[in-house]
Amino acid sequence: MDNLIALLIAAPLLGAAVLLCGGRRLDKTGHWLGTLLAAVSFVIGLALFADMLGRSADDRAMHQHLFTWIPVEGFQADVAFQLDQLSMTFVLLISGVGTLIHVYSIGYMEHDERRRRFFGYLNLFVAAMLLLVLADNYLLLYFGWEGVGLASYLLIGFWQHKPSAATAAKKAFLVNRVGDIGLSIAIMLMFTTFGTFAFGPVLASAGETSEGKLTAIGLMLLLAACGKSAQVPLQSWLGDAMEGPTPVSALIHAATMVTAGVYLIVRSADIFNAAPDAQLVVTIVGAVTLLFGAIVGCAKDDIKKALAGSTMSQIGYMILAAGLGPIGYVFAIMHLVTHGFFKAGLFLGAGSVMHGMNDEVDMRKYGGLRKYMPVTFVTFGLGYLAIIGFPGLSGFFSKDKIIEAAFAKGGTEGWILGAVTLLGAAITAYYMTRVMLMTFFGEKRWQDDADGNPPHPHESPKSMVIPMVLLAVGSVAGGAVFELSGFVEWLEPVTGYAHGHPPISAAAVTAATVAVMVIGVGLAYLQYGRRPVPVVAPRGSLLTRAARRDLLQDDFNHAVFVTGGTHLTRSLVYVDHSLVDGVVNGTAAGVGGLSGRLRKLQNGYVRSYAVSMFGGTAVLIAATLLMRAV
Amino acid sequence: MNPVNYLYLAALLFTIGAVGVLIRRNAIVVFMCVELMLNACNLAFVTFSRMHGNLDGQIIAFFTMVVAAAEVVVGLAIIVSVFRSRHSASVDDASLMKL
Amino acid sequence: MSFPLLTATAAVPAVGAILTAAVPAARRTTAKWLALVVSLATLVLAGVVFARFEPGGDRYQLVESHSWIRDFGVRYELGVDGIGVALIALTALLIPFIVLAGWHDADPLETQSKRWRPTQGFFALILMVEAMVILSFEATDVFLFYILFEAMLIPMYFLIGGFGDRAHSGSDENAAAQRSYAAVKFLLYNLVGGLIMLAAVIGLYTVAGNFSLTEIAEARANGSLEMAASTEKWLFLGFFFAFAVKAPLWPLHTWLPNAMGEATAPVAVLITAVVDKVGTFAMLRYCLGLFPEASKWATPAIVVLALVSIVYGALVAVGQRDMKRLVAYASISHFGFIILGIFAMTSQGQSGATLYMVNHGISTAALMLVAGFLISRRGSRLMGDYGGVQKVAPVLAGTFLVGGLATLSLPGLAPFVSEFLVLVGTFARYPVAGIVATTGIVLAALYVLVLYQRTMTGPVKEEVRSMPDLRPRELAVVAPLIAVLLFLGVFPKPLTDVVNPAVQHTMSDVQRTDPQPEVPVQNVEAAK
Amino acid sequence: MNALAVHSLWTTAAEPLNKIPAPKIEYTQLAPVLIVLGAAVVGVLVEAFVPRRGRYLSQVFLSVLALAAAFAAVVGLAAGGYGTTKAGIAAMGAIAVDGPALFLQGTILLASIVAVFTFAERRLDPADHGHKVDSFAAEAAAVPGGDHEKAAVKAGFTTTEVFPLALFAIAGMLVFPAANDLLTLFIALEVFSLPLYLLCALARRKRLMSQEAAVKYFLLGAFSSAFLLFGIALLYGYAGSVSYATIAGVVDGSVGTVNPALADTMGNDVLLLIGFALLLMGLLFKVGAVPFHMWTPDVYQGAPTPVTGFMAAATKVAAFGALLRLLYVVLPGLTWDWRPVMWGVAIVTMLGGAVVAITQTDIKRLLAYSSIAHAGFLLAGVIAATPSGISSVLFYLGAYSFVTIGAFAVVTLVRDAGGEATHLSKWAGLGRRSPLVAAVFAVFLLAFAGIPLTSGFSGKFAVFKAAAEGGAGALVVVGVLASAVAAFFYIRVIVLMFFSEPKADGPTVAVPSVLTTLTITAGVVVTLVLGLAPQYFLDLASQASVFVR
């Protein structure tokens, strides 16, 4: 059974290889092949899952060692897989949601002549993501980590003819690379500390070393997580990443890849548990991002960007939870999964809307769409309810638990974090309601697209609708299922679990959560439900304007890194040409000049030659005598 | 008198010849100055021969004269041919090749 | 005396060069095919060497030794260790593709006289370079190595100056001028380096009395050859300077961008992927092997210079408009990594550096050759003249991207393995240096992606609209290289098995041992 | 004390008169010199008695035969052990027959043979009035461009005197490095200088420049030999003898003391030192060392190219031979005096030659300056003051002379309407027009530059190695830098030939007869052989590196 693990990755990888190298002859059938192989992976995942359930809780982890990757004196990197409950959760999420989105893309990308390559990239992503979660050592994880980065780069920039897309792709890759510095350094630290970087030994002997080392490792891992999961300060790429086709946003930039950071932290639980300082930083980053994303989400008129902000914020929740330690890990993962469902659903819904509205993304130009796309409306609505944590739906369970755990952190931190999470919940409710209202309610604010043909919204084709429905089901039922099926017990052997005791009763927390949610919804309703939505965005408060510009962090990056970097490189090019090269050329010129001057002595007059000889002789004599004298 | 004085004389003549080579333009005269230098050498040889009391120096002097004669032959041949082609015996005119 | 395999490996291309040069002017195509066949034959021989080499065996294998110039204490001594084997394999592997890629680069223009035979010359010179490089990897006699080190400049010089890139900015005269400037610059830089090395070589002789690498190393080891510390330092500097010019190490690098910019793409590959490796190879074998103490003495300075090369090279690469110069500066950055790995003096660092030499060779070849194909289509080296190529020539764009990703050492492609090993190896001994070097991975991503974005993406430019995609010949050049990159990226074991023992020898030369992990390994084992 | 001196003079003068011993001449040991001299005399007779049309052939035949015979004699002597075991002084102490002498004589003779081939070349210029013409003036005495010259050309006169002249010069050169007393040194110097002065004046084209070269060479040569002679006089005054052995003995004090009359008048070491300096100057002039080099570029440029090649090669060999013998045999006791001085000379020579060469525009001047730089490298070897120093210099001379003659032979091939096209701009794109010639010339240039696998490298390595072992490491470094500079201008020529487009009115490359072809081939072969497998010749040189005292 263990040997099936490799197949999980192999199937989509094969798909990627075939589709990308296959050439035009696969244009007709390529997308089916891609979808099929993703599904195969899902099926194998289910089989393994069944097998895993059949075993006792503590020996559910499966291992498969393929071959030694990098054998060097004192340095051993294996291509080996480890499939435990945590990985399994991800495998199912990735391959499941992945498959659905493959199906969705069949319809969504129908009119794109490069659809085959799109599916190739999707398969590549699925393979890489599975490698990331199945690796049994950090270096192999790094492999998958970069692999998903590549896939994301390719897919964000899929419409390369759009300069904005190409730029966004480049930005995403670069920001992620900054994060990768963290991951590489973390691995190096592990190597110098433990002499290995395989999960087993490293995590087992985490206690053997100093807390300082562990803190360093933890912070480096966090840096990596920030890059991949778009956490402050490396969050800037996610908004631009919405340049990619919507299915990509749904799969990669909502459901799976961006949650890799959470996986990394939870996976490294033992390290963080032993490094409280690092944990604190993690929670802070999570909290900040949580608010940051939420605020940004409130101001965006671009539906996808609004959702992107929300993604950022939700992942903030997860990171925060992961930072809480044993009391939070499980709920971080739980929220991750439920979020995977409803956020993917929301994105697909958004895609469906755009599909019907000539790819218009500005919500101010939507309005009243519920009559025209009922299914989309319903699925999107369910996703909406889930994310704002409407009691009974998946989001409710997972988010509520996180808020509870945040309070349970104890001390002032506990209170602060709890407050932040509550506030976040309120804002979430606010901006999601805003999205909902602006899109599906109110009067039509439609406008002709660039070519002047008016939008005539319509429900999307089956291939797109079915995945939305399924995801909606997931986002409705997911939470409850987990709650009842004992998700905590399922993950506990891997992540460990300690029940947090909040200073206030769990019931109170729940009540508060619901209350703030209602407030948020109410505010949004007053602002967008009662009055008509202006087609041209009002100037808005300072905060609003800042939020529209992603709270100015992009301007900051541009000013500091882009402009500064450009000047730096320019000046260095100059230095290279003028100074480094100049010295050499200068020397050459100098010798040349000397030569020119010396050759003047050769003036063609015998007598001057004679003079030089005479003088030379004199010098010779003088020198000889001098030598004897001294 | 002290034969060493002849050495001083020889040195003096040699120097005069050398300086002559440096300052005179006419090739013939320059050449004469060289001859003067050679003869200064002869004087030195003879003087030393006298001082050492062996004949080598005097014999060398004869050789020197022969060599000088040979130089005259070759030298005049060249100088004359140059003079005929340039109508000038000035060594400064012969400066086609330089730098 | 068994069959002189090493000599044969070098002799085949040498003889091939002479034959190719002898092909009459009219039979141009014959010359090309001859060159290709010869280079493939060399590849086969190199394969045999690789197969015959036993990783577990002696340090130098397949040894040959004949008296040559007794008065100078010079012998014709050949022998390969793992490092040499790997680099010979690299050289022999790349040359066929270089030949194939340069298939039309040296076709004579109509204006040239009938007796001028550029094609024959071009391929003959390439083969001659191959012969000399291979032999320099095999030489175990300092003098023999030095001679090749210098002599290979001449054919390289003619390749750069004689067969410049036809795609250039500006008039023909201008191009010719730039080209000969580049060629002369290349030659003088390396010649000066070589001459300074010559002084050191002579100095070494006056100290050691012979040139045999093995004998000197032995004598140093068993103390029968005393070398004053100052002497050792001077000799080391003399050698290192030459290798640093060749490698090239900042600030001795400025010849490389000119040379690579002006030369045709295949020749540029020949420079950076093959010939420059002799420099880094020689650092590993001669600087560390002959002057261990001085090497350790100089390490801090060299590490700093290497770091400067890494960051500086990458930053300047970002600032380039000419894509060939960009690749050149990228190479400078990569050579910084190699040198860093060598002087980190850890098993990982040096194994990584050796792999790096191989991988950088292949990846640069892939990137540069595709760039060459691109340039040959549009006739310009400036990135600004391109745009949207991936729409009209997707395969070209795809291969270009893969080459680029290899250059930024993406996991799964060979360079990642070596780069990470170098970083780990460096970090283990010099954590700060390791961290600084790690920033290089961001900069690498920057210049590669900028290159790709400016040329391949965006709206299709008018000039590139009719650009054909890769032709079969060109695909035959690129596809195998990419295949090798993928293979070595996932399964570098065949290479590491050969390299590791050699590295252990070098480590023992410098009497350095790897820093041990803080947590004793048995605890980790126990934890497993 | 004066009286005493006078008396002694009388007695010493008087007694020998009645019993002068008959000189004893070892004809076998002197055979090479005698053969060449004899052939020279015969050559003169040929000029006198053989009808004009017969002269050319007979002269060429005679010269080559004589030189070959002389070379055979040298080989015979060497084989007979006269270079090593039986080495000794011949001709009443006038001439030393030992390893260095024989080696250098052999080198000179070989170089001369190939040089004579270029003398005899008659294919390069188109036939004039149906008469084949060589590089020498139809009638040297005639005024350039005058009617008389036209008539001479019409009549198809040729200056076949060059062959006997060359033979005389060669004879002198053979004696020069073998001279064992200062008088012989001086005579030999004049014997090979005077004919060279004349040869310089005999160019067929550009006669004015040729004559000018002759004048300059002659005047400066005479000037320097005067200094040399005065130096000899002083040394004679110091030691009371001109025989090397005696002087050496006096210097290290083994032979009787100096005449008190001199001792108390002037510190006798002053005589020695000044004399030595003057002597050195005379030799350095012939070697072409800075600052006594200034005649070199002009003379090399003006003289007929075959003569230039001959001079550049053979003169250097002879002069360095003499220099070595002087420093190693006569003044070993003075090493600590002459070494620093020679250091200085070597350094300025290496750098000066290399640096000035950079900006030259005439190929012959360029080669002249390069020869100056090479003189500097050779001096580095001389300074080593060790047997390996001697052998390395010997080897270097052998290698260098063939490269030089070959290079100048190639120069004779590149011609345009005005004769040889020596201006560098004319050489642009030569590689495109005639790849073979350009390639050959490139080989020579690379050898000059000391690129490995050429004789130039072996020689340079040998010399520098010797210098380093002799404790002149700094000199090696300077030499290396100078070589770097020198490399630049050799490379420049190559760039010009191969990488620049040929000019429309560029020169044509004449197809030479078998003679020049032989010369060039010999040059290339020696260059490559000494580059690839120098061992045998190094052995030869090191066997021949012992001076007899």
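In order of appearance the chains are A, B, C and D, and numbering begins at 1 in each one.
Here, contacts are C-beta pairs under 8 Å (C-beta built on N, C-alpha and C of every residue); 3 or more make two chains touch, one makes a residue touch a chain.
All of these numbers come straight from a predicted model, not from anything done at the bench.
For chain A, the chain whose average C-alpha position is most distant is B.
With centres taken as mean C-alpha coordinates, the chain found closest to the middle of all protein C-alpha atoms is C. Separating the centre of chain A from that of chain D, both taken as means of CA atoms, is a distance of 81 Å. Rounded to whole angstrom, the centroid-to-centroid distance between chain C and chain D, based on C-alpha atoms, equals 46 Å.
Spacing of chain B relative to chain D, judged by their CA centroids, is 24 angstrom.
Separating the CA-averaged centres of chain A and chain B is a span of 97 Å. For chain D, the set of residues touching two or more other chains reads 215-216, 219, 223, 227, 297-298, 488.
Touching of two or more other chains is recorded for residues 588, 599, 602, 604, 606, 610 of chain A.
Multi-chain contact residues of chain B (touching two or more other chains) are listed as 18, 21, 30, 91, 94-98. Of all possible chain pairings, those that touch are A-B, A-C, A-D, B-D, C-D.
Residues 215-216, 219-220, 223-224, 227, 269-270, 273-274, 276-278, 280-281, 285, 290-292, 294-295, 297-298, 336-338, 340-341, 344-345, 352, 355-360, 485, 488 of chain D touch chain A in their complex.
Chain A meets chain B in the complex at residues 599-600, 602-607, 610-611, 614. Of all the residues in chain D, the ones that touch chain B in their complex are 2, 5, 8-9, 12-13, 16, 140-141, 143-144, 183, 186-187, 190, 194, 197-198, 201, 207-209, 211-216, 218-219, 222-223, 226-227, 229-230, 232-234, 236-237, 240-242, 259, 261-262, 265-266, 297-298, 301-302, 365. Chain contact summary for the complex, chain A toward chain D: residues 588, 591-592, 594-596, 598-599, 601-602, 604, 606, 608-610, 612-613, 615-617, 619-621, 623-625, 627-628. Listed in rising order, the residues of chain B touching chain D in the complex are 2-4, 7, 10, 14, 17-18, 21, 27, 30-31, 34, 37-38, 40-41, 44-45, 47-57, 59-60, 63-64, 67, 70-71, 74-75, 77-79, 81-82, 84-86, 91, 94-98.
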